[in-house]
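What follows is a group of structures, each given as structure tokens.
Two complexes follow with chain A in common, the first pairing it with chain B and the second with chain C.
Up next, the complex of A and B:
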């Protein structure tokens, strides 16, 4: 399938592309919050006030794309936790009012599908509509779903993407689970921190994908996933994935790796990087933080690299003399869930 | 495109801890809805619920899992149905953990059934409970993946109350496309304060046993349960027993309102029509409809409107939620299992509590248990966010006859 348009809201200024003009934000601490656009033209005020952040990030990235081409055949999103903050807000109401009379707004927005539902509602789109929430592979599964749908031959254009929000509540829970660093550091030191835990990021990256090459900015060629691998031979798996796509390792001239500064899991990326010595290597979690569907941002970055945008130095981990035509994205979430995404230039 | 067969099923709900017990209740018209025993909520006594009739400890003790750390009621219910499905399909542990086996599951409440722990963890009142990695609707899937050492595609779908219908659709698609030869699909949910207060805040939770398709229906009852189906490609099914074929599916969005369906049933008509088209059958070939039938004012009226638009009348239909309550993320899978039971036994189960049909349709759901030739079933599932899904499930009797004839012809050649 081919990407014909894209939009990202992230902790960097991606919504207006000023990240390519040298404006790179640095962060201190364990939370990298998204820099959000002014939604006023997009979302009526009353509606915006009631909207949870996850829904807002999804609408904010999706509606500008839909407005440009409102002939999409369906919407497929990946979000690990959707509007989890709405869940907790509703739960807090339950406890604080001892199960009294409650307003349903938070409850209705608490299910992960409410983002894709809102997008369908706002664009009056009765097409295929699905939401994947399998944690670190939710975005990869959304891509897979789109491939399956295109192969059936009934649709030609889809809106796909990822959305993830940060809230105090989910940060508290995940802190107990040991996801974050014990000490606060700056984002410029994140990847070299060599300690356990990472930082939390958030954002949305949405894409118009088409079955046809017309107006394409790049190709989203294939996706692959595996969970709890018994062996740690990431090179073997990458080569198998490439072989399936009739590519040899030296055909890959760009790697986008999910280094998160968590020394429990970063060895996976190092291992893969060493298997592709000639490839340019890019990182992104030092720009947008770690979250379950961060590979959505990696895909957005991949499309920009393939279109020779002025990629900030902070995202370039290793530069070689090759100019990227074929990019392999590899991400793992907490060492448990692993995904490959293959992208090609036009 | 490969054909997709159901070779195993497992179900646990308010009407039984396995498929046989569920079938007994459906045949005898015995509901599982009643006073709650395990629900911890102020509404526990004022409203009926459809609880699984085992305590969380009893569920746990029947399973013999490698690890139980951080497992919730939702997880134990899932493991119970999954264990039955795997045994029923007679697949080996190696086959379950093969990279060719996909696992697609769903849960809307997930570990939020442990509402008190979640409240304390999220608001830093606790020092971190054992459930911090158990709350979202996808955590049960990772726990299952670890226990069964799954290595293929592992995915979790959320389309609210139609979630597990979409797991069946996606599993079938993965097999048809050749990306997997086997898919384990379904969903799980349990009852908690969160869902109780949610549906109550929307004023659609009935204080009496639900009455789908009755003019005086007062809303839904919450239920809990899980169901898993083993789907296998025609390439690997061999001479194994098959229980049904997943013939078609349709997915749409009503695009009308965050928590209710449009009067003209746009999404309902679309998903049924797409399912019929993907199955390549005419509406007249549908022998029975297992409806979404939640017994809310909005759902039942819209669903009848949609069915009438597509079928220009009404094939026999029922709502098995009058037995199980609304099991949310598990409903689509549980109802797919019941649909297959109707096909395999050539019988229709009575829909309970409808005394006065809805105007202007004036149609009663199936009133009594009866024998009937059931080859093809439509199963509907709808959810918040406008998500609508329909499945077309067909018996494999005719399929088998055709395959034998085909093989005989080959022999003659």
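Up next, the complex of A and C:
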């Protein structure tokens, strides 16, 4: 399938592409919040005042795309948690008001499929509408769903993407689980921190994908997902994935790796990187933080690299004299869920 | 509670419960229709207002016809609260 348009809201100024003009945000601490656009022209006031952050991030990235191409046949999103903040507010109300009268807004905003549902309602799209919630593989599952739909031949254009929000509630719970660094660190030092835990990020990246090459920015060629691999399995699995696509490691000239600064899981990326010594290597979690569907941002970055945008130095881990034409994205979430995404230039 | 104080509290609570982002209590007149063009409220807001009455004033509205007569403007809401709430 081919990406014909894309939009991202992230902790960097991606919504207006300022990031390609050298405007890179630096962060201190373990939370990287999204820089949101002014939604006033995009979302009616009456809807905006009720929207939780996840819904805002999804609508804010999806509607500009739909407004340009309102002939999509369906909407497929991946989100591990959806509007988790509203969900926990709603659950707290149940306890606080002893299961009495509850406000509907928190509930409506909290369901993960609310984002794709809002997009469908706002664009009057009655086509296929699905939301995948497989934690660290939710975005990869959304891509797979799109591939299957295209194979069935009943759709020709889809809106796909990922959305994830930070809420104080889930951040506190995840902090207890040891997901984040307990010392404050700058985003510049994150990848070299050599300590356990990462930093929390959030954002959305949405794409118009088409079965036709016309007006394509790049090709989203394949996706693969797996869980709990054995050590040293990554290289073997990557080669098998490439062989399936009639490629060898030497054909890959761009690697986008999910280094998160967490020394419990970053060795996976080092292992894979060593198998592709000739490739350019890019990172992104030092720009947008770690979250379950961060590979959505990696895909956005991959499309920009293939489109020869001015990629900021902060995202370049290793540069070679090759200009990337084939990109392999590898991301793992907490060392348990692993995904490959293959992208090609046009 | 004095009726004027009640109305001012109500306006602040309406803004908080409905998350009316760019409206101040001063902009809501006592007789501004809640469901007219000025505030632009809708059916979900009417449920939020019913929740407001229950949580802040201990008033339960179960009959929709009754709700339509109360959720007209701040005047009508304050009048009903003074008649039925034990909290004011």
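Everything that follows uses one rule, which is that the second predicted complex is superposed on the first by the 343 of 346 C-alpha atoms of A that agree within 3 Å, B and C clash if a C-alpha of one lies under 4 Å from a C-alpha of the other, contacts with A are read in each partner's own complex, and residues count from 1 in each chain.
Everything below uses one rule, namely that a contact is a pair of C-beta atoms (placed from the backbone, for glycine too) under 8 Å apart; a residue touches a chain by one contact, two chains touch by 3 or more.
The model shown is predicted, which means the values in this text are computed figures rather than measured ones.
In the superposed model, B is the one of chain B and chain C that contacts more residues of chain A.
Within the superposed three-chain model, A:104 lies in touch with chain B and with chain C [touch as defined at top].
Once chain A of one complex is fitted onto chain A of the other, the partner contacts of A:124 are limited to chain B, with no touch recorded for chain C.
When both complexes are overlaid on chain A, the residue A:48 reaches chain C alone and has no touch with chain B. Once the two complexes are laid over each other on the shared chain, residue contacts for A:239 go to neither chain B nor chain C. Using the contact criterion defined above for the overlaid structures, shared-chain residue A:185 touches neither chain B nor chain C, since it reaches no partner. Common to the chain B and chain C contact sets on chain A are residues 101-104, 108.
Looking at the complex, you find that chain A touches chain C at residues 45-46, 48-50, 97, 100-105, 108.
Partner chain B is touched in their complex by these residues of chain A: 75, 80-82, 84, 87-88, 90-95, 98-99, 101-104, 107-114, 116-118, 120-121, 123-135, 137-138, 141, 144-145, 148, 151-152, 169-170, 172-174, 176-177, 225-230, 336-337. Put simply, chain C touches chain A in their complex at residues 17-22, 40, 42, 44, 47-48, 50-51, 54-55, 60. Remark: chain B residues 41-43, 99, 108, 112, 115, 118-119, 121-124, 126-129, 132-133, 135-139, 141-142, 145-146, 149-160, 163, 166, 170, 173-174, 177, 179, 193-194, 196-198, 200-202, 251-259, 266-267, 270, 278, 383-387 touch chain A in the complex.
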